[in-house]
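Two complexes follow with chain A in common, the first pairing it with chain B and the second with chain C.
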Partner chain A sequence: MTDATGFDAPIPPAARVSLYERSAQVKQRHRKGAALRYLGVAAITLVLFFLAVLLWSIFSRGIPALFQYQAEIEIYYDPEILNPDGGPVTPEEIGDVSLRSGFERGIFLISLKRTLDSAGIDVAQVVADRWIEEAVERLSAAGLSGGAEIIAGAGAPSEGARLLGQTGNTLRAAASALGGDDQAGAVEALETASTALAEAGFAEAAATLAEIAATAGQGALSDAADALTATGYQQALFDAAGFLRQPDQFDDGDLSAIIYAANRRDVRDRLVANPDLVGETAQEGVPIDISVTRYLSGELSGEGQANMPPGFNEAQLAIVDEMVEAGIIDRNFRWSFFTNVYSQNGEVAGIGPALMGSAYMMLVVLVFSLIFGVAASIYLEEFAPKNKITDFIEINIANLAAVPSIVFGILGAAILFTLTELGFGNSIRGTALLGGLVLSLMTLPTIVIATRAALKAVPPSIRDAALGIGASKVQTVFHHVLPLAAPGILTGTIIGIAQALGETAPLLLIGLSVSTGADILSSPFSGGLLEQAQSMPTVVYLFAQNEDAPVREGLAQAAIIVMLLLLFALNFIAIILRRRFERRW
Partner chain B sequence: MEDTDMNDMLMTRNSVGSEDIKISARHVQVFYGDTHAIKDVDVDINDKTVTAFIGPSGCGKSTFLRCLNRMNDTIDIARVEGEILLDGEDIYDKRVDPVQLRAKVGMVFQKPNPFPKSIYDNVAYGPKIHGLAKSKGELDEIVEKSLRRAALWDEAKDRLDQPGTGLSGGQQQRLCIARAVATNPEVLLMDEPCSALDPIATAQVEELIDELRENFSVVIVTHSMQQAARVSQKTAFFHLGNLVEFDDTTKIFSNPEDPRTESYITGRIG
Partner chain C sequence: MSLVKLSVSALAVAAVSATAAVAQGRDNVQIAGSSTVLPYANIVAEAFGAETDFATPVVEGGGSSTGRRLLCEGVGEGTIDIANSSSLMKDSEAEVCAANGVTPIEVRFGYDGIVFASDINGPSFAFTPADWYMALAAEIPMDGEMVANPNSSWADVNGDLPDQAINAFIPGTNHGTREVFEENVILAGCEATGAFDAMVEMGMDEDAAEEACITLRTDGASVDIEGDYTQTLANLDSTPTGIGVFGLSFYENNTDRLQVATMSGITPSTETIASGEYPVSRPLQFYVKQEHIGVIPGLLEYVEFFISDEIAGPGGPLSEYGLVPDPELAATQEMIAALGQ
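Our next item is the complex of A and B:
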């Protein structure tokens, strides 16, 4: 207390400020806090928005692609087509037949026709009706009402086409007469056209033409010409005539185009496998053309040029509509997508080898990077002396984690070239083993870093306890430290594997996108690691490069969905395992 | 604590003690890097006796304790000089395997650190790795005996398969003691075994230490002078890395020779 002498001058009392009033400083602090909060909310909203857009674009396209429209067709293995000369058909003969010879197409066409017949669908009638509808629509759009009756009155569509064509010709003649300077001739031509329209049954149009003739009669030839062009009758008549000529041009090729072309190959394969099928009928679901699929799933409306499936016309879609109505076409989950090999053709393309290849690669990654990664981490963390060399190794491992994956791909490719020079490169090119090894290299640093962090996190008291009892260093690590670090190691490993699952670039470089993967699918277990394989990301890449829009914009997304589900499953397993192994201390 | 009580207790507990020397340390020096942590310490630890190391924080008592079973080996920068003889054999001799040494010189730590395993596995771990039990029956016997020695058997016998980490703090520390005695050590080192415990658990552990004296040579590091007075027969006072005074506990607490010891036990330093 004595020390306080000199400091006991009274402190002037501070002005009393109410707690209810906020000082300027507090207000500013609140403003800063609020700004930071809003910034955070905005950032999260933005992220969620992009995530939603991403997921929506994937799922809205991918989910429909996971379903396939199939036509249930009575396949009739017609002996006459198989052997036009009559007599028995041997499997050898069928096997020898070239795919181009058209016998499969014949079988298909006959089967399709029989199926449509038995469903009560008259193809010619459907096609004619559809085109007549188009023609009437075209006419009425130009103000030529009564088209339906006129076409019906003309008899067959081709007759209607002739009538409309002739009427159109008179209009064209009138138009060219108006282009000259012969007033009388022009008036005459217009009157002829008017008469032709009246005779055909277009009363209103005839009256319009008579008015134009009157205009021309007063000498205003250019006005008359403009008025005639403005009606658009001529173009409408020619267009409608063109539509009406279509039914005659509809042929078998247009019909069988609805069904996916390569289905025919299956017919032959099945016949070779089972010659007894000749002369028999078998109901079968065959995929229909993938462009038509898009029409059926509602992605293309079928109205207007841009919304037509490429290569198809209205009449074919009309038949498809009829087939849907008759229940011949139905929608099924596309199981074959998971089992089929890769193909350029979207109808039969699948991700079977990719799933298999990815599974094998993950297995290789798991074995290699887990064993080597954990071993390296344990050595570095528990046994290695702390000196310049281990520091150097540590820095390099951390750097390795940041190396772009394509660099590992280049490394893999370099090894591949060396092996090829030694003479056995082709046997390993594009295999799951090579892919897995390259991905292991890539995953190793991730696992080492995660494992070391997990080992570091084990409390030193546990080590002390074990050492104090007389456990050796190795016993301490393997009996106590490692089990406690296991959840962390596991999480790191699964993160690494998930990373490897999505990696594309290195796999493209070492040839995992070159084969269709048929080999790995035919012998998944005997030679799985050493067969040419694919992987999920490379198959997504291949789908995304396809020339058909339905594959680009459907199957690629479907494959991505499968990949995402796999990743979710992996993460889920990681969480389960963590919960299971987690111990408190 | 009243002086009469303390003297009373000192008389009862601290009177007996074997005169056989178990551990003999000569000119022990410990360096942590450039820090000279222990300066030329000579000490003799008797068999079947509780020896207490007291002193202010950072005086080196724990460091010295950890020299006695070579736990300092795990610290890269630690360097030990001088000789420490266990039954006349230098434990820092090149031929000595620290693993074998630690089976003979057990250790109990400041913070209870049971393995995150069952109570049974905690106690059985030591005998297992040292091959002390030939059968499951023998192992069961060792576990029971150790838990009884640690006065934990009655509380733990019905829950041997439950995790040791689920016990209370005092029980965990007794479990650690059971774990340490299960390997049948000759010396038991205890590094502030009661500093994380409440007074009741402390009393139980102290009781236990007194019983353990019948079979083991116990060395205990403690911050509490009362505890040292209660449980030990010999007391060593460390200060700034020096062994200031080492004598019978009764003598240290009643009639210390060195003024520093007196300052410390009367609360003037430390």
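Our next item is the complex of A and C:
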């Protein structure tokens, strides 16, 4: 045998080393130890960094979204809109008024106008001033100074637009003349343009044009054309004229776009219930359009396309500025977020039904998985014989705990399909009951594992003592073992429920990801479990894919914050229970 | 023990109310389907619930083909009433529908423009369909044979475009948009460049040539986005040199981040799409189950409300959100009015 030689080899004598001196081996060991410590610190730092980034990105966006800008408007219930034919307004007539044309475009628009009026804001003037400012800025950027006086001198902005447009036309004619061969004609066109600029009041530009005309007169037509293009006068004049035409195009739609007043059934119902309000006024906070809130919060500066709230223009923002100045706009905590239903419109969207749906589902999960989980664990732990069958069950419960959640969704869909065949399906699809049942299946293994661990932790001496003084097996379990294991069971249950709360995938397949049609649920004892419900994670998903950036990057995070707080609260309760009641042996 | 009692009674209550609810008929309209139509359906359903005394319809996403499959499953309260769809029903689906006794009625309510947009801080683009074909085709014909697409920059494709690497984020094959993109952009470009004719000359039959036209490169220059437009936008954020394919309404709601490219010199807008000048758009529609009209309360009223001038017409909330109104809306209204009689 060759390996026997290993035994014959002489053992080397132990090296003589001082304990005070570190050998290479010891140094290496210390290095390894230090490296491991640094790696550990680095790993924790990295984890903390990512956690900080996550929390920062959620809270920095979610917290501001919990506040809402509102316009304090004097709502005037105008009889003329409620009854266009004149005469007294009856509740029936009010009930027939269209929310869109009668209330949103009628009452709220008129009320906004009245409020602006009484605050001393002249909308037409603000709009005109803003566009004149834009035009002057555009002109002076191209070196056409004195625009303000010229536009003011022309009278109405549309007159200014005409003047600038005509001047621009002479420049365009000059440019096209320079493109041809006719030198005399080009010079003449340039001189006409120069005169037009001088007459309009742009003295410097007129002088520049005269110089270009001189260049053209010397035969250098292409040089002159380049010089003319380089001035940029033509484009600036046309742009400014375009700005000055804007005030005439400003209409009621542009004004009412600033506030959100759609689907105000509450107002109509209020009027039907109390027709005496017709002709009266009442102060009311109306949400500002959610894109404009990005301007109000300073996220968008309102200058240039990249900083303009989508769908709005400078003049509308100028009105918003005036409203802020007049104190009409204020910022309030958005309580409605917790009670309103989900809406495509971020101004009124809320998580009311979703919060309730999730709460109801947790209730169902609590009831089902606690009963079945505890029953299964007690049987397995206390009564079942230890044999291959129970081993097999045990392994499968452990496996079940690791099954991806979408699998349970498919299972739920299969249950639903079977129920539909039996004629039950439709009444249970999309309800908190079905959602709760599916989530219970998912939570059950977690609870069984936790409960069995808690039962195992009760020392056998308790059981022996109980049995010894004559208690039956059932009495032993229910009077002694279960109460002692209860804190552990509850902790496991709460952690299981917290996990179920955030689960999205199974719910997508069983009709709980609806965007409309779910309302605040009634109490679980009067059928609330069987109403169309929403759930928190699916609503977060709906928010996150909304086309409006403030919903996608604000309300989604706000809903996540609510969900995180719920999770923290649940985990906190679990910790308290453990601290309070846990017994150690 | 009281916990157990409480849970048992809760279970009993649930069971009783379950049986009670089965006896009642369904009183809300149920809708599922396209994620492109979803925002419009949400807006209409919310307004319908507020304006009328009917229950707010239940709207769910899931995708165009899922919606149509659910619609065709059969007749009865356990099946949905309306399938939102951004593409037209296929013949095979119509057969399934007919086999299950379902008569789907197609209701077109408007158009969705498909726009090409890039980061607002980058250079601006002016495309033609030919540019997109040359940029994204897997193989292009060159001197009588098919060669792998050699273009790596937009300037390679067309000297007038900025010299920027080709990074296109296009809708995945699960999107209704993809079909329109292939049909109106890639195939149109293939024909415009003469590549189609070249392929036919090389001996391909027309179907094979068409197939070769719309086979897109897979070397990373073109990325399929399976999710919705928010995902395309997220991709543009991380790759600012990319070009994304979006719906018009999405672009209009995100003008602070995106700049839109012209196609064949036309800037996409509700006006240019409605007039047909802008070449890339698709009809949006929903399919109503005829058998449920008159059975499910509010179904016909919902459809009438959806296509009314006040909602789907110019100036209505749908066009404010970015829908291109259908010029033939009146004909659709007549068709639906005839159903109600």
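Just so it is clear, the second predicted complex is superposed on the first by the 525 of 585 C-alpha atoms of A that agree within 3 Å, B and C clash if a C-alpha of one lies under 4 Å from a C-alpha of the other, contacts with A are read in each partner's own complex, and residues count from 1 in each chain.
FYI, a contact is a pair of C-beta atoms (placed from the backbone, for glycine too) under 8 Å apart; a residue touches a chain by one contact, two chains touch by 3 or more.
Everything numeric here is computed off the predicted structure, so don't read it as measured data.
Of the two partner chains placed by superposition, only chain B is touched by A:Leu484; chain C is not. Once chain A of one complex is fitted onto chain A of the other, the partner contacts of A:Asp78 are absent, as it touches neither chain B nor chain C.
Contacts of A:Glu191 after superposition: neither chain B nor chain C is touched. Among chain B and chain C, the chain that touches a larger number of residues in chain A is C.
Shared-chain residue A:Asp239: touches no atom of chain B or chain C.
After overlaying the two complexes on the shared chain, residue contacts for A:Lys386 are found with chain B alone; chain C is out of touch. Of the two partner chains placed by the overlay, only chain B lies in contact with A:Gly468; chain C stays clear of it. In the overlay built on the shared chain, the residue A:Thr516 is in contact with chain C alone; chain B does not reach it. In the superposition on chain A, none of the residues of chain A is touched both by chain B in one structure and by chain C in the other.
Those residues of chain A lying in contact with chain C across their complex are 98-101, 253, 262-265, 291, 300, 305-311, 343-345, 363-364, 366-367, 370-371, 420, 423-430, 433, 511, 513-519, 524-527, 529-530, 532, 544-549, 552. The touching residues of chain C, when paired with chain A in their complex, are 3-4, 7-8, 10-11, 13-14, 17-18, 20-22, 24, 26, 28, 30, 35, 38-39, 41-43, 45-47, 49-51, 55-61, 77-78, 120-121, 227-230, 249-250, 252-257, 259, 310, 315, 317, 322. The touching residues of chain B, when paired with chain A in their complex, are 69, 71, 74, 76, 99-103, 106-109, 111, 113-116, 125-126, 129-130, 163, 165, 176, 179-180, 183. The touching residues of chain A, counted against chain B in their complex, run 385-386, 459, 461-472, 475, 479-480, 484, 583-585.
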